[in-house]
Amino acid sequence: MAKTKTRAKAKVKTNVFEEAGVSPEAAVGLLGRMLLYRRFEEKAEEGYAIGKIGGFCHLHIGQEAAAEGSIGPLRPDDYVISAYRSHTQALAKGVSPSSVLAELYGRAGGASGGKGGSMHIFDAEARFMGGHGIVGGQVPLATGIAWKIKYREEDGVVVCFMGDAAVNQGGFHEALNMAAVWDLPAIYVVENNAYGMGTAFHRVSITEMVEKASPYGIPASSIDGQDVLATYAHFRDLVEEVRGGGGPRFVDVQTYRFRGHSMSDPVSGTYRPTEEVEEKKEHHDPIGILRDHLFAGEHLDQAGLEEMDAEARRLVADAEEFADNSPLPGPEALYANVWAEINPHGRLFFDGRGED
Amino acid sequence: MAVTTYRDALNQALREELQRDPDVFLMGEEVAEYDGAYKVSKGLLDEFGSMRVVDSPISELGFTGLCVGAAMAGLRPIVEFMTFNFAFLAIDQVINSASKMYYMSDGQFPMPLVFRGPTGAALQLSAQHSAACETYYAHSPGCKVVTPATPADAKGLLKASIRDNDPVAFMEGELLYNLKGEVPDDDDFVIPLGVADLKHEGDDVSIITHGKMLHVAMQAAVKLEKDGIGADVLDLRTLRPLDVDAILRTVKKTNRAVYLEEGWSYLGVGAQIVSIIQEEAFDHLDAPVLRVTQADIPMPYAKNLETLAKPNADRVVAAVNKVLYR
Amino acid sequence: MAKTKTRAKAKVKTNVFEEAGVSPEAAVGLLGRMLLYRRFEEKAEEGYAIGKIGGFCHLHIGQEAAAEGSIGPLRPDDYVISAYRSHTQALAKGVSPSSVLAELYGRAGGASGGKGGSMHIFDAEARFMGGHGIVGGQVPLATGIAWKIKYREEDGVVVCFMGDAAVNQGGFHEALNMAAVWDLPAIYVVENNAYGMGTAFHRVSITEMVEKASPYGIPASSIDGQDVLATYAHFRDLVEEVRGGGGPRFVDVQTYRFRGHSMSDPVSGTYRPTEEVEEKKEHHDPIGILRDHLFAGEHLDQAGLEEMDAEARRLVADAEEFADNSPLPGPEALYANVWAEINPHGRLFFDGRGED
Amino acid sequence: MAVTTYRDALNQALREELQRDPDVFLMGEEVAEYDGAYKVSKGLLDEFGSMRVVDSPISELGFTGLCVGAAMAGLRPIVEFMTFNFAFLAIDQVINSASKMYYMSDGQFPMPLVFRGPTGAALQLSAQHSAACETYYAHSPGCKVVTPATPADAKGLLKASIRDNDPVAFMEGELLYNLKGEVPDDDDFVIPLGVADLKHEGDDVSIITHGKMLHVAMQAAVKLEKDGIGADVLDLRTLRPLDVDAILRTVKKTNRAVYLEEGWSYLGVGAQIVSIIQEEAFDHLDAPVLRVTQADIPMPYAKNLETLAKPNADRVVAAVNKVLYR
């Protein structure tokens, strides 16, 4: 969150709040949420380093505005579904930091009882529908959730997140076509961080992201996903359109990943130079950008910021305490919830121990 | 009791369950305006409308995933595959999403889904339309597998599958749709999953099978009777849950068994049944359990070759004679 | 092939040959080919009716111009690949009528030795690459054939046929994207007969066919596929562009199926009215249209036409004689060609009879 | 002989075969610029260029089909799946195209293809990244299946698979990549498909296994030795072609067998091996063949649960004691 340069840049326009239709007070709220997401992911990073977290762990650091700006405008009864890079989106949809962190720690108190882990965070009550590990796999699921909304004649909306590489999965195309044909209330959001693992988007597509929904006749837009105000305003309008029966939408949210693809991958390398990452952190940090706007408009000062940051750290510390104290899932959990219905007749487990 | 075709029995089950539960809907290619490629869904569009009987694009992966999502959100989808041979395109959603969702979410998202359509060969449809697909669905936990062989079983088991709260791969057969049989009209005629059916009795040997091969097994039992050999014919009806007790009961009675199935031998369903029998009835076996399967080749088109490739009653009789050391 | 009406219509423009850059003599050749295709498919229809042909049998009647116009401009060393509705395309690529009909009859002398049938006609020598039964399944294969052409630095072209419903398969999108990214010499041709089985294209797409390649940046065009001259001219140009290194192309060839989806399906029904089919046969028969042009320009008369038709029937009769006399595949064929390499060690067949 | 990791052994095999045959190319996600998700293809892009070591989009179905088409046209593609767990999206092209093409075309189009990548579980990757996928490929004729457990086998068998003219599903393991072992440097070190390897000898029981479970079997054999029990450990190495002779040899020697595998039990590979043993060595068995497998559940994330779910040496020892009636 470098100051000088970016603050100078921000000075020129101080009416950003009116432009976005977001009050400075609300903007301070957005900043607080993003600080929480940042500190949460740093805690996950730490937890992975010291072995409290295992498996694959994909951080959202640098992409906080994409989550907050797109999920912020939703109602609690709206749905969100995502891929494996979804800690922050879960928090944004109302899953508690304790529940997410406990899941990363593989504890019984985790969102998925410790069975899902970082890639499979689920919270039915918060209508956070996962947490899916197969690239593109969640996209048809989102279409199905939207199908249910139409089927039941409800006025909800589903927001489906995916990465930029997911648009090259056939399932993405099949799912968007059906959403268009049946006019379903779904917003398909590409968190376009320009890379799929080590592959730059333009190495696997000769067109721009915003083109990807054109064969289905789905209205598409691109937005600077590092600017939480613009992103929030854009989604506030989209959600209204879709809730009003406007049919599906496709949004290219342009963002950037400040860390490696997963905790086991390098931040930079042959696929992207260190300088690029540094430049992005310096000038395109979603937290830095909003902070500078608030400073420029004198809606917040350094002291206020530090207080907010301290609060974010406090929330994460509470989550950590909860997660540390949450018990490991007991051995009885091993065979629990494989089947929603254990039929009275016949054998369901074939390993000779399942029904012990 | 009325005499009904397998096709109409399925149609009745669909109609009754669509009537019974507003959350049940049917989606697939040609299921609505075309009444289904094999007319299983005849008339349902008119009765239930286009939100509940839905023609999909040819997007197997997509509409299967759509139905998984709809199930997450509380509906009870029935997916029709024109044949399970096309479901290879959708199997990622069946195995990685539907079959694992309930566990991954630790019980937050049950998957009351049915995937139904024909499995195995019809007549001369050749390599890409004739595979028996049971193995691909029975291997992974989280998905139940049902293979009805008669009209009554088709109706009773489909109703049970639709009411079940787990994903069910419900496997039919093109060559069964015209088969006639007695079917109870009763609206609540449900056959619980996990109960095998002893469709023919005899003391000398157990012929165990599932799906359309039941009828080949019955032919074999009749031939054997003429030679004075009595055969139990056990129709598993559901592969998961599996009625292991019924399998052990007949094997412990006859001490000899043959598994007959339509599909390929390497890791065909019979392999698992053999593995269970030899583990749980080892001392009761007077001979190895033999297996009769399709030729271990992709299905050829030419009628004469296809006939050679498919299992038949004579091969079953030969296997029975072998386990009887005759 | 109704005469009067259409002939009147045709009268107005007689320079169609110059327009298309196809000499009347060459046009007569195209007519002869299309007559052969028509008579061949009628023979298949007959063969199915009397049980000489089994399984699924999808006829091309009404779509002859799409095949001849698109394949006509190819070189023998170019490749064609298609779906299950491909008898006519095989003939157009140079597979003999005898070989195709014998395949339909399930005879040893068939293109695929009787093992493939109507849906799986293969001829490596003619570079007719099948005959594939999974909707959309051949599209990635075509991209791979084009990949080989680029890999070996050859100047060939691959033409890939698919139906209008195949564009809703994810594999279509994945395959076109890769062809675009790697700039491969492939022409993806939708034989757009407006229906996928009983489903009208516009029930499963809210956009036009020509839009379907837009996310990949592949140049797309639409053409009247009942007009063989226009189709031929269009493909002649496309093939030249692609052979010259122009990269992939996408073509919407608008045509119509005069028969049911397969021999086991009705010609018309709830999904399309009889009148529609009759109108198409009356005014949009590719053979009738070209015949009328030739008559109008006095390049052909009724007697000449009848002679050509007799010749087409003769060729089909020869094919029938060959097919009828071709032996059934022997029992030894059953286990032949499952494996290209029978390893000296280990078991490959597990049915207890394979290695007898 | 040099001590090499499993990863480097694969890398050597790829390099040598890319050098040997200009028609061989490698395609998959991150195989080129990133050196492979698990660095198996390290350095190959620099040596062979971007037409022969090719980064693909995340389009499993598409690039698998692309490689099938390239094989039809005469090339010898190697497809890398980041794991076979992602190959469910591509399995239609593996089974319906690659495995049937040669037969459907009556021998006109051989399919010299290799599909390679890890199968089974690593550490805490949970349900969608941990399945052992052997069954899905071994069931259908037309596809060979290879599961090397050591660096030497990895190199020798990958070279053989690349040179083979049929499709080969070549299944590795994340947890094997760092494993060290002696590997012949010889450019023509090829291990023929279809030859199992007896990796430990003993007279009392046969532990038969494949893939990474070999190492669990070896641990069990050592533990058993301490109890005075001698175990044959037979590593099948290739599941199709299958070295049935070697299986029967060890079983006829010890008269007792346990099959150990990483995957699910229902129609796991062991089911087929059991079916073969009981059919072809029935009179030699002094006890049923027992099977040790993963818990019959989707793989959980929590470390303690994952540990409980995986097979281990103690479970193998327990099974051995059972077949020895101890």
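The letters A, B, C and D name the chains in turn, as written, and every chain counts its residues from 1.
Definition applied: a contact is a pair of C-beta atoms (placed from the backbone, for glycine too) under 8 Å apart; a residue touches a chain by one contact, two chains touch by 3 or more.
Model, not experiment: these values are computed from the prediction.
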Chain pair, A-B or B-C, that carries the greater number of C-beta contacts: A-B
Furthest chain, CA centroid comparison against chain A: C
Chain A and chain B, separation of their C-alpha mean positions in angstrom: 41
Approximate Å spacing (C-alpha centroids) for the pair chain A, chain C: 47
Whole-Å gap separating chain A and chain D, where each centre is the average of the chain's CA atoms: 36
For chain A, residues that touch 2 or more chains besides their own: 112, 114-116, 120, 132-134, 137, 168-171, 173-174, 177, 181, 203-205, 333, 338, 349-350
Interface hub residues of chain D, defined as touching at least two other chains: 56-57, 59, 61-62, 85, 88-89, 92, 96, 103-104, 126-128, 141-142, 240, 264, 266, 272, 291, 296-298, 300
Residue ranges of chain B in contact with chain D within the complex: 61, 85, 88-89, 91-92, 95-96, 99-100, 103-104, 126-128, 131, 135-136, 138-142, 240, 264, 266-272, 274-275, 278-280, 282, 285, 287-291, 296-298, 300
Complex interface listing, chain A residues touching chain D: 54-56, 103, 106-107, 112, 114-120, 132-137, 165-166, 168-171, 196-199, 203-205, 269-271, 328-329, 331, 333-335, 338, 349-354
For the chain D and chain C complex, residues of the former touching the latter: 25, 51, 56-57, 59, 61-75, 77, 92-93, 96-97, 101-112, 141-142, 144, 164-166, 192-195, 238, 240-244, 272, 276
Residues on chain C engaged by chain D in the complex (per definition of touch): 79, 81, 112-116, 120, 122-124, 129-134, 137, 139-151, 170-171, 173-175, 177-178, 181, 333, 336-341, 343-350
Residue ranges of chain B in contact with chain C within the complex: 29-30, 33-34, 37, 55-59, 61-62, 85-86, 88-89, 123-129, 264-266, 291, 293-298, 300-305, 308-309
